[in-house]
Amino acid sequence: MRWIKGIAVVAALLCLWQAMAASGFVSRVFLPSPIAASQALLNGLTHGNLGLLTLNTIEHMTYGWLLACLIGIGLGSLIGISSTLRAWLMPTLEVLRPLPASSMVPVFIGLFGFTPNMVLAVIAFGSLWPVLLATIHGFASIEPRLNEVGRMLRLSRAAFIWKIGLPNALPDALAGMRLALTVALILAIVGEMLTSQQGLGRAILFAARSFRSADLFAGVMLLGLIGLCCNALLAAVERRALSWQNHR
Amino acid sequence: MPAMLNIVQTASPPPLASFSGVALDFGARRVLNRLDLEIGHREVVCVIGPTGCGKTTLLRLLTGLLKPTEGMVMRNGEPVAGPAADVAIVFQDYARALLPWRTVAGNISLALEAGQVPRSERQQRIDVLLRKVGLSAHAEKYPGQLSGGMQQRVQIARALAQEPKLLLMDEPFGALDAMTRQGLQDEMLKLVIESGTSMLFITHDLDEAIYLGDRIVALRTGPKPDQSSVARVFDVNLPRPRDQLATREQPRFLELRRAAFSFIQEGGA
Amino acid sequence: MSGKWRGWVVPLVLVSAAEFAMHGVQSYALAAPSAAASAFAELAADGTLWRATFETLGSALAGVVLGGGLGLVLGLWLGLSRTVADAASLSVELLRPIPSVAMIPIALLAFGFGWRLEIAIIAFACLWPMLVLTKSAVAQVEPRLFEVAQVLRLTPMSSVLKLIIPAALPRIFVAFRLCVGVALVVAVTVEIAANPQGLGYSMILAQQTLHPENLFAMLAWTGLLGWSIGAGLLSLQRRLFAHYGGLQ
């Protein structure tokens, strides 16, 4: 019943869109009809290179994100486990946190030029913050009692990080990774728009410049789909990895 | 000097644990003062006293997580330097002391992993411990799925996995209901006697202290500079094995109960 | 309290190290902190800095008002009516994952470069967090309050205005704070990726005209702006909702 209502509303919105496009109330130059957009989508996927472009964007996003996760969790564990390091570093990290990741784009352009490495650096740097800060928070919030349990059992520092610290930080780190993936997708698109890197970001900008609005909408739909799937995928991973939380 | 003392002590083996002239300050406040106490092998010592008298502090001194301001805390004639493999602790707040992301078996395994028990032996030892605390049917459940009493059994099993010589119990049953508590008291006594472990048991429940202990140590709050923290020591002298009904009806039990109760009524003077 | 000074050590060391490393070095990518500081003074004196700041903050504010306002109204509606929430959830779940920057080409077609392009993207980005968080804020209102409203025989309108909104207000403010952060990030991102105005564009321009000292001056200013707005809103939140208790 819930689903039927939901689908009905989506259908109604599509009809409204179709009516608006058909009536000419909104110029067709920037609002194609949903039918035209889906035709462009199908055509692009079957005859054109839309599928390849999608894979390109996913590739850029994933590499940068994986790099960010590795660095973020590694560095976050080291900083988070030590209250001394936290006292020295956290104020700096807190001040840097609200800095828009994209504002590092000009810096990285200066360092790397308009190259794929620049885009990778931007994506990795931007999506690093959510993972890093969440991991640090996860380590900082270890129940003090568990610290004592670790000491009573004489766990080594490495064993404590691996057996108590990381599992304790996992819920936070996974939430950070989910946020980071959203950031990574946005920065992948920005990177493609700025450089000559192949991908959906560049494709939709070109479509807009040559007034091919149907192709533009097809690309935007695919980007939305990437966002949707990534989120669903990570949510599923979270549910699996954190199944113990459901019993609390 | 200490060397000479050791030579003298070799005549009779040193007690499992001992406090001599121990004092501990938290800031300006003296929590423990002039404390002398010995815990023998296979002995169950219960510590009672009002809130804030330093019961838990006394226990933490034995873990080595806390160092005395004055005096010596010894184990087997050696000063306590830090946590030892054969000293295990059971905390009152079981929900915080267990790893919520590990199953019951996984939580017990933590102690075996820490004790470098080879992987091949772990499963069998976990099974034995699970049987001892009556959780065989719940090995794959998470702590969050268990009742308070069952979670506390997991913690007890984890402590026993260390095969401790000395088991420290910090008001372990304080948060449980009366029925669960009585059941756990009996199981605990059985396990401790079976394994020949000594136990230091902190409680604020007089009946529990008498029922479990060989000796009861009553602490006082805010000892004066010339006063010892130990207000009184009661020798229990009740036969073992003990029984929830029969033991509690014995004249000696009632006598002890009356003595300890009036002692506490008088403000532990 | 006495450990506060520790937070200053790391940034001071980094800045001094940068100053030392850049001393006497001619670079088109990096600049010494002292050079950035004097560039900052120049940019502030000739008004470039203030104009760019005005353009970025103005767009961000307009975007928050438009997108956040719409999100607030929709969120209240969805939060109050189970039927509406069921009907709308699928549409929201389908539209929300579209990355905000993917809307840049569409807005570019519709509005061309300028304020409207940027405001539209920011509004799109702010709409979803505001909607989702307001909805959950209403959902988390103590159920007893709805019973109070019934017992007092309040009209639906006055129970919403007098009980529900005030009860949900602390959480709604948290959502607003989040939106302001998102708006700043998206504003700079849009300016970097496409729109020739504001702080983001001035950073790109500084990089392309090989003035790294201007770039780093703008970068530090952007960071400072983001941090102080965030910190200001946080302390405002603490002041406003101190009497509610409980909420962070």
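Here the chain labels run A, B and C in written order, and each chain numbers its own residues starting at 1.
Quick note on the criterion: contacts are C-beta pairs under 8 Å (C-beta built on N, C-alpha and C of every residue); 3 or more make two chains touch, one makes a residue touch a chain.
Since the model is a prediction, treat every value here as computed from it, not as a measurement.
Chains that touch both chain B and chain C are the following: A. Chain pair with the most C-beta contact pairs: A-C.
Put simply, the chain closest to the centre of the protein, by Cα centroids, is A.
Relative to the C-alpha centre of chain C, the farthest chain centre belongs to B. One inter-chain figure worth recording: chain B and chain C are separated by 54 Å, centre to centre, where each centre is the mean of the chain's CA atoms. Centres computed as Cα averages put chain A at a distance of 51 Å from chain B. In this assembly, the C-alpha centroid of chain A lies 18 Å from the C-alpha centroid of chain C.
Against chain A, the residues of chain B that register as touching in their complex are 63, 65, 82-85, 87-89, 91, 93, 96-97, 99-102, 110-111, 113-115, 141-142, 144-145, 162.
Against chain A, the residues of chain C that register as touching in their complex are 3, 6-11, 28-30, 83, 86-91, 93-95, 97-106, 108-110, 181, 184-185, 188-189, 192-194, 199-200, 203-204, 206-207, 212, 215-216, 219, 222-223, 226-227, 229-230. The touching residues of chain A, when paired with chain B in their complex, are 143, 145-146, 148-149, 151-155, 159, 163-164, 167-168, 170, 242, 244-245, 247-248.
Residue ranges on chain A touching chain C, taken from their complex, read 1-3, 5-10, 13, 29-30, 87-92, 94-107, 109-111, 182, 185-186, 189-190, 193-194, 200-201, 204-205, 207-208, 211, 213, 216-217, 219-220, 223-228, 230-231.
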